[in-house]
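In the two assemblies presented below, chain A is common to both, partnered first by chain B and then by chain C.
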Partner chain A sequence: MKLPGSTFSRYTLAGLLGVTLTATAVLGAAHMDKKGLEDAIKARKSHMQLYAFNLGLLGGMAKGEIDYDASSAEGAAANLAALAAMDQGRYWPEGTEAGMMDTRALPEIWSKMEEFDTATDGLIQATMTLEEAAGTDLQSLQAGLGDVGKACGACHKPFRKPE
Partner chain B sequence: MKLPGSTFSRYTLAGLLGVTLTATAVLGAAHMDKKGLEDAIKARKSHMQLYAFNLGLLGGMAKGEIDYDASSAEGAAANLAALAAMDQGRYWPEGTEAGMMDTRALPEIWSKMEEFDTATDGLIQATMTLEEAAGTDLQSLQAGLGDVGKACGACHKPFRKPE
Partner chain C sequence: MTVARVATGVALLAVVLLAGLALYWVLTRPQPLSAEVSAQAGTPVDAPLAAPGPAASDGKDVFNVAGCASCHTAPGAEAADAPVLAGGKRFATPFGTFVAPNISPDPDAGVGDWSDADLMNAVLRGISPEGSHYYPAFPYATYTHARPSDIRALIGYLRGLPADATPSQPHEISFPFNIRRNLGLWKRLFVSQDWVMTDPPTPEATRGRYLVEALGHCGECHTPRNILGGPDRDAWLRGGPNPSGKGTIPDITSAGLDWSQADIAGYLKTGFTPDYDTAGGEMVDVIQNLSKLPQADLDAIAAYLKAVPVGN
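What follows is the complex of A and B.
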């Protein structure tokens, strides 16, 4: 089902909130105890898990392993767009990088925060486009999903430690 | 910051999608292997984790343990509302109840699906109201959060196994 307005309103939301939607709003962690830091890591891993869960369905459809279904595809794509647009500032307190905690988050997240923001903005855009496309047909889903994959990589390559 | 329209558009979205936003759209699990079932459980636990993370900040503010900050409160409340409105039909394949898998999900989720839907709708409503209220002042946050807590309990009591 097409949902005219939903993407626009999310875009508007992103525009109004500006940086608070992205990682710039990193909280000072001076007052944060170890549990607070661990909770932030747990939350961002959960967030990634939800991307993966929704991408699993869409990727399966794109590869022809799962029958294309417009409604399910649209639901999963809308989930991705909702997740990408969420306020994630609290996920990245200082002191939660690889080497200090159990995480693959590279220190570049904090030293190159503007680039990190740009990368997360890229995911917001790509998931909004996918949300519009996913319910149209399989080919549109595949195209939109390709761009989401690129947006994932544009953040993971510079900012996530390889396994 | 007040975001006129954002709650309305989410409400519209929920209205248009109807049952697909809630648990009615349970997928038949006949074709689903064990990994598929485990992935669904992992996803719903991640989703709950994100509720907890955002509620942690708001609860801390409501109790006076964390200084009230309108912008952070609004961000966390908007996150809760976005999470509640997400399409969660794929979280509940048959065969993922307590006793069969590592989960506290009671069989009543499947045997009383309409009541489960009503409970999840209650959370959508309560989080939308909280999103409107959280940035106003501490008292409004506290009131809205109280109703979200009731909505959590209205689902957990009948549908989640005690620890």
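What follows is the complex of A and C.
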């Protein structure tokens, strides 16, 4: 949708919209029913699938199973960076942890929220680096992908229940 | 005569008991490396913080495959190029809680004043410098297969890592498992000098066997254990309950894992599964170590895993 008016008003509008959304989210979390909790879990699982779909192309190139192509690599890496940067505040309402729902999210996500945020920031950094590296050449892609893998592990180790 | 009979009985019982004790003593005796092997290890090191020897780069590879840092760094320590092996990680098991000791080169808290022979006996035989048995939470049942020259290189590398003065904490093990002498029997039952895979199909798989069976100790978690904590070598790498924690450890033979060799090697490098899910739990640390290895070694581990017999 193309918004009318100057850049200033467009950003102001986006800002107002953001405030409204955040306020709704907080209210929503307070009164969330089972369906709401299930939706949050569904959303974060879908988000993970989008990572996997884009990683599939990059990993296939890194392993030599798919021919390296700079522009499609760059596109997939840009998707990963965009996904990592998305606000996920509403993905993690209280009550959506392993044992209570169909999820492997450990309660530590809520008891150690700061560490969880740090791990999330790690993925943002790693995917931004990968976005710059992926289009350069195969070696740069492999190195960048290794760091993204580490960032995934840095969150999955403390915060996801083993199978 | 009743008195004589009782006396004879008591005497017989005493003889049987003594014989039993003697047998126990012999069977549970620590068996250090031969003087030959440990003499090769060199003279005791005078300077506790001696610089790593010329083999240090190889020693680093050994260190990474053997995964020393995964257990011996402090809980929550950041991954580092020169890890601080201060110890302190706790491993809750059915036998009690083991606490990884400080193995940094600190002369008091760590192993800085141990001789090379002391360290070789610790790693290859599971025996302390005082001559008592270590618990097999320390995977010497694996390391016993390692080439002594590789362990010497490892020791050279360990001596060059940062020292840390944090004292080691005692294990929290109750009777009867707190009697270390009994571990001599455990070793007789469960430490084998034989390879599990007797006939690797290719040179690559042979290299993989060395990395997995002698250093990488994959089997310590991925092979199920019996009630005495001994590995069931007939179910080698077939997975089972997590020996120290929640959940199940997966079967990584081709019966339980249909990944290609490239998939396995790629996973060990990046942590990504073929579906681009990622490693979790303790495997995150393992991959952090293994990702530093040459690609050829990761391919070799994968070749070995593809060749592991899957039984009936």
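Everything that follows uses one rule, which is that the second predicted complex is superposed on the first by the 133 of 163 C-alpha atoms of A that agree within 3 Å, B and C clash if a C-alpha of one lies under 4 Å from a C-alpha of the other, contacts with A are read in each partner's own complex, and residues count from 1 in each chain.
In this section, a residue touches a chain if its C-beta (ideal position, glycine included) is under 8 Å from a C-beta of that chain, and two chains touch if they have at least 3 such contacts.
None of these values were measured; they are calculated from a predicted model.
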Contacts of A:Gly56 with chain B and chain C, given as first, second, both or neither: both
Which superposed partner A:Ser71 touches (first chain B, second chain C, both, neither): first
Contacts of A:Gly146 with chain B and chain C, given as first, second, both or neither: second
Chain A: partner with more touched residues, chain B or chain C: B
Touching partner for A:Ile109 - first (chain B), second (chain C), both, neither: neither
Chain B versus chain C as contact partner of A:Met128, first or second or both or neither: neither
Residues of chain A at both interfaces, chain B in one complex, chain C in the other: 53, 56
Residue numbers on chain A that touch chain C, as the complex places them: 48, 51-53, 55-56, 59, 62-65, 145-146, 148-150, 152-154, 156-157, 160-163
Sites on chain C touched by chain A in the complex: 242, 245-248, 250, 262-263, 266, 269-272, 275-282, 284-285, 287-288, 291
Complex interface listing, chain B residues touching chain A: 1, 3, 5-6, 9-10, 12-13, 16-17, 20, 25, 39-40, 42-43, 45-47, 49-50, 53, 56-57, 71-72, 75-76, 78-79, 82-83, 85-87, 89-90
